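So, here's a batch of structures to check.
Here come two complexes built around chain A, the first alongside chain B, the second alongside chain C.
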Partner chain A sequence: MKKAAKSRYLLLSVATIAVLLLLWIMATSLKLVPAVLLPSLGKIGQTFVDLSRSGYGGTPLYDHYLITMRRLFLALFFAVIIGIPLGLLSGYVRWVNAMVDPLIQFIRPIPPLAYYTLLILWLGIGEPSKIMLLFWAALPPIYISCFDAVQRIDGEYLQSAASLGASRRQIFFNIVFPVALPDIFTGLRSAVGVAYTTIVSAEMIASSSGVGWMIIDSSHYLKSDVMFVGIILLGVTGVLIDWLLKKLAQRIVHWRGKK
Partner chain B sequence: MALLEVKDVGYQYPSNSAQSITGVNLTMAANSLNVVIGPSGIGKSTLLNLIAGYIQPQVGELRMNGQPIQKASWQRGIVFQDMALYPWLNVTQNITFGPRMRKMASAQIEQRLATLLQETGLEKFKTSYVYELSGGLKQRVALAREFINQPDILMLDESFSALDNLTRDEMHQILLELWASSGNCVIVITHDIDEAMFLGQNIIIMNGKPGTVSQTITNPYFKVAFDEMANNPAYFEFRKMLLQQIK
Partner chain C sequence: MLKKLLRLLAIVSVTLTLTGCAAATKSDQATKVVRIGILRVPNDVAAARQRKTLRRACAQAGYRVKYITFDSGVDANKALLSNSVDLATMGDTNAVVAMAAGIPAKLVWVNDVIGSNEALVLKKQLGVQRAEDLRGMKIATPFASTSHYSLMMYLQQHHLTGKVTLVDMQTPEIVAAWQRGDIDGAYTWQPSLDSLRPSTTLVSSDKLADQGALTANVTLATDQFAKQHAAVLRQILATLGDAHTLYQRQPQWIYQATARQMAITPAAAKQQIGTSTWLPPKQLVHFMNTKFARQFYQTSKFMGQRQTLNSRPSWRQCQQFITTQFITEGDGK
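The block that comes next holds the complex of A and B.
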């Protein structure tokens, strides 16, 4: 996209957000909506400062945030180190596909909350069950993006590599992996999204920490300002993670869409 | 003993009810430049895939140096029309891909690379990514990537068909120079009769339904440019005869 067009679209995005904020300010200052449903931006800011100073439920806000991020990143870490090789191998080796694919396809459409109670029964109410829930949510997008990438590989890449003397193993590491890398990043971005949407569920049951828990717990007492602080915190972090992944992909996968 | 022997080979793609090629017999020697011509869909690329070892014939056999061809090998290199260069690698990494996979000594790789970069005029582009290059330069990389491996047989599947005339002429010269210094057996597939007459020491004609090799002709105009023969009726007679054969 040309630079001028890019700045125009960026301006449009900023303007949309500005208009929404303006509407918010108007609605709250003119008391068009009850404060319990939509607190003012000033109140949310003040609550953020208060939570940062004195915490929520006896735990500082940054601790809630770090606990949530730790759960998220641990789950994503395991989903990446297991999902990428599993997806690539499943696409490349028939017998691996025969073993793995039916299991992933079975798990994929099930809402994570459906098996969360089972995970708690098996792994306890501590961190492992929460991380496992997020892991199972993040695994299928990564697996499927890798598997699809291998299925779509231009056959001539594989044939030419074999005719240049590469073994099947060398082809896997030197052709299959780099060809799949752009899709791996796409899968990773989807996985972050799915894990993110699951985080509140993971912290909803048998938990007393994390931003997700803070949102759920404050909702019981109609503390909408606290809920908004948690939601904004998660939203901004989500946008930041996605932006970082996009930048990382642009830097690493410089050949995306080129031949 | 011939370098390559193709005996009574027939092949039918699993997804196709009709036979692709049948009763193909061929022999090719080392240090020869062979061009296969024939109408579209006659099975020229199928023949190349069989020689490369990507597919196995249902009938007949293919042998190289007396050994059956059973799978792909660096001894039979191939340049596809789309070249299949690796966009995540730069020019040097693309060219040296084969020797690195074969775990050739780095000193030997460096020496071959330096020679090939010079012969193909790619020295200035050695650190460029292949997607940054023009079609002609990409073709040079594709040729260098094969010649560095020094395969006994090198196949080119319509490799120059997408190039403009000027670039194609340049590529013909580069191919002839590389072939002269390597002495390998080159097999070129083309639908361009003038390219066949310029590049083919031997012209192999495929026709019929299913496709088969009907004739192998020693080309009297090998390496003779079309422009030089503008007033030579014998040249045009020969060209006409080839065209009739592939209709």
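The block that comes next holds the complex of A and C.
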């Protein structure tokens, strides 16, 4: 029964996408909308092939892609190695919390583009400013999920461990960290989401490479087919990364939801 | 779930129809308003606006003028495409983009031929004296602009294509990057050009124009507007023509008018206008049909080769895109 329901919903998802694509094909083949506003699927496919073969702006398409991914993953790497300890400690140690929390809470709601120009003035137009922007976007979700995870830990666990003679350090590594791990993965997934949505902004200013830059630059020349290729590429990659993280979480934190 | 799906479908169909209808409904509302996209530069539109001749000419025909300021021709193009403006001033490279993308519009006016107001400057301490010295340097320019085209042409002339790093920046960013030392030089326009000091000027757009790489600022009118409001379009261009004639006879009046409009000093306006050429209507018609049309075709060919265009426009397409039929010849009294 449950399986049948699941496949029914899957069918509905597939059908929705199919209908949308059909509408798209209809609109373009009947020339209901100008090609500049909505290029045909065939044209987008052709553009993708052309871009893969001859590149964009003198750089191969896969290089643009790798450059973008490199920026994303470097930023995420730093956000993880700084955000996770900071969040856990902040949840576990009061004075760390008192120092760090206000800062993160202040940065969190600011749209990244608002401080991007400032980052460029401070760090220049090279890679550091771009990675820093993505880093600041990715840090708060990771920090907050770690912090919340520690806050939610059953006090009994900690008390019983302490009464059995475990040190604070032992408690942290043997109880706090494993219990928080599922939430850390959730935080990581939302961090990827936020950093990912910031990527076009990061590549908007003073750049000449990356998928985000390709989208912006082609918009200067009203090449909507290239814009669509870039957008689809980012979309598919985004879904893929999220799916991978979900699988990874399932593998590593197999104890999720069990007591 | 089904409800959700239906709602999604409804939204999609509505957006699809809206994009189709937007063009139709807007023209009805806009019957008596002319929406002009302008750049923040001391040009003929700024002068005509300050001297109120543009507003008067339109009022006589029963139109109200609405100005919309754009930072670059890139945004002006997007506005033309979405039918948010009737007329827009932009660099001719953006006009090439518009033509290649099939935007239903015509090039109806050349506001000015770019002169010393756009130039390639390098940091003085680098000691650059010849084009050859540029090898390996990092030069900023706003991509898709006339400056970008001029820079690419200059590099091509000196066989430096691909040997110099070009970075895409808007003019305020160029000034910041220059001060930080992130770039070695820039091809840009006034007033940002003046902020790049101390500098050596390697080449300016008037020199490139002499060598066959001419750039200009032009005005595009949507086909719809040109067809339905031809009379007022003629009026507007006649007003701009008067500004050109006045510039030939009494340039100081133009400096004063544009300076007031831009809230700068007349001396600064003079500096920013530089050696850009404002041709009087009679010469302009000839220029647009001959030299400019050829240059425009050359620009489109070059941009087509660089694969920055949707299509490779033909000479015929260029000739059809440029029209002088709305210009009233005669020297404006």
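Here is the rule we use: the second predicted complex is superposed on the first by the 257 of 259 C-alpha atoms of A that agree within 3 Å, B and C clash if a C-alpha of one lies under 4 Å from a C-alpha of the other, contacts with A are read in each partner's own complex, and residues count from 1 in each chain.
The rule we apply is simple: contacts are C-beta pairs under 8 Å (C-beta built on N, C-alpha and C of every residue); 3 or more make two chains touch, one makes a residue touch a chain.
All figures in this text were calculated on a predicted structure; none of them were measured in a lab.
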item: Which of chain B and chain C A:62 touches, first, second, both or neither; value: neither
item: First (chain B), second (chain C), both or neither touched by A:12; value: second
item: Partner chain(s) touched by A:159 [first = chain B, second = chain C, both, neither]; value: first
item: Touched partner set for A:178, first chain B, second chain C, both or neither; value: first
item: Chain B versus chain C as contact partner of A:35, first or second or both or neither; value: second
item: Contacts of A:220 with chain B and chain C, given as first, second, both or neither; value: second
item: First, second, both or neither for A:254, with chain B first and chain C second; value: first
item: Partner with the higher number of touched chain A residues, chain C or chain B; value: C
item: Partner chain A, residues of chain C touching it in the complex; value: 1-2, 5, 8-9, 12-13, 16, 19-20, 74, 77-78, 81, 97-98, 100-103, 140, 143-144, 162, 165-170, 173, 176-177, 180, 182-183, 307-310
item: Of all residues in chain A, those that touch chain B in their complex; value: 154, 156-157, 159-167, 170, 174-175, 178-179, 181, 253-255, 258-259
item: Residues of chain A defined as touching chain C within the complex; value: 9, 12, 15-16, 19-20, 23, 27, 32-38, 54, 58, 117, 120-121, 124-126, 205-208, 213, 217, 219-223, 225
item: Chain A partner contacts - residues on chain B that touch it in the complex; value: 52, 54, 71-74, 76-78, 80, 82, 84-88, 97-99, 101-102, 129-131, 145-146, 149, 151
